[in-house]
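Heads up, the next two complexes both have chain A, just with different partners, chain B and then chain C.
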Partner chain A sequence: MSATTLLVESSLVLSFFFIFLFLMYYKYLSVKTEVDVAALNENYYDYSSYLREKKKGGGAISPHSFIMNDSKSIGIRYLITSLIFFFIAGTFGVIMRVSLVEPQPTLFAHREVIYDILTTEHAILMIYMWAIGSALGLAYYLIPKFINMKSDRYGNASSWGYWIWLMGGLFILFSRTSTRWYYYPPLALQLNPYGAGAMNWLAVIGLEFIMIGVTIAAIVIVRNIIYERSDSMPLSKMPLFVWSVLFTLIMFLASAPFLMTAMVMLFYDFFNPVFFTGSSSSPLYFTELFWVWGHPIVYIAILPQFGLIYEIIPKFTGNKVYSYSSGVIALGLLLPLSELVWGHHLMESGLGIEWGLFFSTASFLVVIPSAITVFNYIGTLWTSEKIRLTIPMLFVINGIMDFVFGGITGVLTAILPFNEQTHGTYWVTGHFHFVFMGITVGIAFAAIYMIWPSLTGGRIYSRRLAGWHFAFTSVGSMIMSMGWVVGGFMGMPRFVSGYFARYMVYQDVAILGGVIIGIGQLFFLANLMISTAKAPQVEPSNVFEEVYRKAEISGGE
Partner chain B sequence: MIGKTGIVLGVLIMLLSGLMLVFMFDAPTQSGGGLADPSNLPVKGYMNITLYADAGGWNYSHGAINPNLYFPLYYVINFTVIEEDNLPHTLTINQGPTETASSLTLLSTGQITQSPGHVSKVSYEFFKAGIYTYWCVIHPTTMVGQIEINSTAGNNTTAATVSSTSNVMIHSFESAHDLSILVYSDLSQILGSIKAMTYMVF
Partner chain C sequence: MSEKNHNNKLKAEALWIVGFMVVLAFAAGLNFYITSQSDFSIATKMSGSNQIPKNSTPIIVDGYQWAWSFTYYNASGKQTSVDNLNITVNHTYTFIITSTAGSQSNAVIHDLYIPQFGIQVYAVPGQNNTITFTPVKTGTFVLECVEYCGYEHYLMRGYVTVVA
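Showing the complex of A and B:
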């Protein structure tokens, strides 16, 4: 082929391509104009919510939610994505656990790096993609109706936030990094399989992307809560879930810059190690920057679920929340306290006894709001006539109990001498798996079961399968975390692919629990597939939103 | 309205979980594509080389600055690093012709004691021909030179003390020997076939 022919042919192909693009754009514009006019005629602010409610079945799981930019569609996007990542990271967790069946590495013998990769990916994906993702999804999905939002603006920005967040998660997944979830240098800077993995730089970019995406989402939601709240709903009557999301996102916005800065500095250190590994700097600088963010994140992962518990309990007890104001105050107290306790992650790093005492005391202070919250739940349950033990309610009660277990094991580590014993052991793993399995996972699933008819367009879930899901999750997490807590108290170290033979019984107990949890989640998948295969049986109404929808009618001027 | 979306989602979740697990199992586990130190290397001899650590450059006041070093294969090289200028230095040897933290670090002294005249010793046996870099991570622009490993001990070997007797052996990579199993386990072969099947399906 001569050069002239090539030129002519390629220009022809390009022209056709551009003509095609123009036609697509023309088609898009005309359809959008049509929909815009229709939406305007029906008094909808934006065409997406018009489309969703009038044409696409109203906020159900569907691929349409990935191209529509209204709050509900974005909430469904977050929910779908976070569920997918929950199962991916959960598989990693179960396989990683199974590989510990014997003291010597079994499944990953001679390739122990795979264990490090799995533990890192499990942690990062679970925290940033599942915990934050499901919380943002529920917030986007529920808050517009909770606060009777005046107009649904900034959907475009939310969409950008979602895609950036998703891209960050994919970067981390594909980087196969084996740095731990805290990215400590100098390990994070060693781009080889013995260090943090050859692609760890991609994981650093990925985490930065996640933070940018969640920041965008956080600003949009906070703005919606403050400015788009219905006039008939003063702050003093705002639902507790909205309060918890507001506090969570303010906490996020206050602490995220530390990590974002640290990540940029870490990325610069790949090229010129001046910030954390140079002669006049210390890796401890990074740990400080990380944990100023890293402690609030664990509250960010549970606070929205605290709010959801406040919303779920009244539905099944017929009782009001025992004390609304103390609930708000407790959620709000966690906001300043969470920023003061980062040092309890570094108590063995030589900060000195004064700082140790300060962080120890501050960590004990966190017990106060947590206890207020728990006693508020218990008070609500205590004063109710009868409690309907539905699946979401079972998840809630299990969550409260798990939180008590996790809270006690957690606050014990704030005692300085006790910390010396349990620092870096499975005690800590057991502590936060109690909380995360009970609150983050359990309550998120409880909320998903609550809005099931709304999510699936009028289907109802099989209560038998959901019951098995609950039973396996709660029993498995109790067995797993108990094995870890006891083993960790004996000094079983975390984050290693092998262990001393005397810890074998604790590890095997934890494996049993982990496998039970893994099997339990399959019931959820089966439930999802079976119930959506059937025909719709009920109105796709949302039990969460019913209460606040009525409030708009009666509470208006 | 949503039809079979739930089923699609469920299948997608299971597929993605499995695929990602296979993807993780496929991660490279050996440095530099299999450049882990094999055990039982033949040792043909020992060579000693002394380097003076100075922020102005290696061997700053001792002849040529940052000399190119030429060593033969399978010789244990005993590096002696002598502090010159009260500043922190490291002797770090990386794979590849340029100094970068991203290539595999074969050897590093760590920061040597900052008193002039202090002597630090490390040794390493090069078992692959090629270009390596020796540098100081604190002064990566000034203190950097190249090491060339020849497959045969030719005439262009660096003028270094060559001795065939056993010398001060501080082999810094003994722990790496344990990690350096070049034989793949059965698991990886099984996974490989699973992966091949998944690629065929998609």
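Showing the complex of A and C:
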């Protein structure tokens, strides 16, 4: 075959391929126009929510959510993905916890680096895939009805955001990185045995992808809240959940560039170490850039859930939120303050006493908004005539209590001498597991139970299984975090696969709690499977979507 | 909502916030008070203005993967010990702490922590941090690295022995 023939034949094949593509596109466009018209006639603001609710039997947990680009489908996508990652990272957590049963490494003896990999993956996946993912999922799912969205545009951008975020998560999962979630160089550039660290560069790219994906989602949601909000809803009447999502995402957009810049420089350092490991630089430069992001992220992980608590309490008490305006102000105050306290993660790095006092005082200030928020919750509960202790409500009450525990253990570390005693120990681990188990995990599950009928297409969950899920999660997290807090105060170091025998009792208490939490999540899984196997029993309605602040309603049960 | 009810709510909220700020102000004041005491010391980067106290014995601490080495001078000359430190009670010491590569390829960040003394200080490559302390009890205490520094991080620990 001569070159000319080859050229002619390949161009023919290419032409046919393009003609085929064009036909496909033509077909897609005509079908889409048809559905658009049908959706318009039925008063749906976009074709895919029309398709999902009318043509697919309303079943939300289905592959269709991964193809269609309306806000709700994207929300379901985020929720499903974040739940899967929650179980992956949770399994990692339980395995590494069990491996600490004796002072000497047991499960991972002579392979201690596996423990380090599990800790790192547990942290990164829980924060970026579960905490941010579930918050974005609930935001995408609930906000369109909360603000009576005028039109649902930019679904394509959201979809891109989702896939980039998911790819980042998979990169991190498969990179087997052991750098901790804060990637301190030069350790991040170093190879460990068994190939751990060989693909740390992939974890860096993965985190960058996650940040790009979440940035896209954040821009779309902020834009929707500001421009697509119904004209009948001024900012002063916006639901508190929408406020909390707005503040969270602005906080994200304000602090993410620090991490993204640091990650790009770190990636460059793999090939040409100039930024953080060169002769004229210090690894501390990276730590400072990281924590400018690293402190806001912990608020980003709990603020949407704070908003959800404001939405859940009125549903089960029939009472209005104690003070709407102070709720908004408290959420908003966290914005500027959270950017000022990053130094309290580096108190012992040689900042000196003046900077130490600055950051410690700023850390006291950042407690005030949280105190106002907790007061609002307690005030709402206090002034209501009757509280229905449904499963979501139990999660909320447990979350408030855990947040108080976590808050007190947290603010204590702002005192400089106390920080010298507890920094780098399990005290800190206990502090943020109180908050994350109570607020991030608990309230996300509360919200999932609330929207259960609309998520599963009209199924209801078993109250008994959900009750066990709640009991195990709440009791387990209390035992685990208490073991850590007490052990940490005695000087038990974090991030170790073996430890001094004197700390064995605290570790074993924490293992008990961790295993209890792990078993508890299996009840949720069983509940999900059993209820989706049954036939639909109720209208796939969504209690959050009922008229905002309507008095007492059934709440998904 | 009635006017009276509204005022009561406002009062309760204001009372809570003021009360909370008083508690926080107390904690912050305590913080300033303790840190102004002469025996309080926190990790500080060594520079021209930050010198070692006159009455204290300097101990040069070097963190590397994965051990601590302590170097100091006494009557019998230069003493070096690894993962073990022998010091005298009621005597003031200053750690001058840094991180080196050791037998590995990189010098990474470590964090020396002695729980019973309530002191900890980062070992940062290319930077000398100082911290001053005075042991007041005799006995054997543990020392640990509490900043993750590689796969044998958990073995980077040892004992401080305080003798009379």
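In the analysis below, the second predicted complex is superposed on the first by the 495 of 557 C-alpha atoms of A that agree within 3 Å, B and C clash if a C-alpha of one lies under 4 Å from a C-alpha of the other, contacts with A are read in each partner's own complex, and residues count from 1 in each chain.
Assume contacts are C-beta pairs under 8 Å (C-beta built on N, C-alpha and C of every residue); 3 or more make two chains touch, one makes a residue touch a chain.
Just so we're clear, the structure is a prediction, and the values are computed from it rather than from any experiment.
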Considering only the touch criterion stated at the top, classify A:436 as touching first (chain B), second (chain C), both, or neither.
neither
Given the touch rule stated above, what does A:44 touch, chain B (first), chain C (second), both, or neither?
neither
Between chain B (first) and chain C (second), which does A:532 come into contact with in this model arrangement: first, second, both, or neither?
first
Classify the contacts of A:270 with the two partner chains as first (chain B alone), second (chain C alone), both, or neither.
first
Per the contact definition in the header, classify A:113: touching chain B only (first), chain C only (second), both, or neither.
both
Scan A:461 for contacts with chain B and chain C and give back first, second, both or neither.
neither
Looking at A:189 after the superposition, I want to know if it touches chain B, chain C, both of them or none. Which is it: first, second, both, neither?
both
Of the two partner chains, chain B (first) and chain C (second), which one does A:316 touch, if any: first, second, both, or neither?
neither
Look at A:495 in the shared chain and tell me whether it touches chain B only, chain C only, both, or neither; answer first, second, both or neither.
second
Following superposition on chain A, which residues of chain A contact chain B and also contact chain C?
112-113, 178, 189-190, 192-193, 277, 279
Applying the document's contact rule, which stretches of chain A touch chain B when the two form their complex?
56-57, 60-63, 80, 83-84, 87-88, 90-92, 95, 107-114, 117-118, 121, 173-174, 176, 178, 189-194, 197-198, 201, 270, 272-273, 277-279, 456-457, 459, 525-526, 528-529, 531-533, 536
Chain C-touching residues of chain A, taken from the complex the two chains share
105, 112-113, 116, 178, 180, 184, 186-187, 189-190, 192-193, 196, 277, 279, 282-284, 287, 322-323, 326, 346-353, 356-357, 360-361, 364-365, 367-368, 371-372, 375, 379, 383, 411, 414-417, 420-421, 423-425, 490-491, 493-500, 502
In the complex with chain A, residue positions of chain B that touch it
1-7, 9-14, 16-18, 20-21, 23-25, 27-32, 87-88, 101-105, 111, 137-138, 140, 176, 179, 181, 183, 185, 187-188
Chain C contacts chain A in the complex at 9, 12-13, 16-17, 20-21, 24, 27-28, 30-32, 34-35, 40, 42-45, 50, 104-109, 111, 113, 115-116, 118-122, 124-127, 129, 142, 144-155, 157
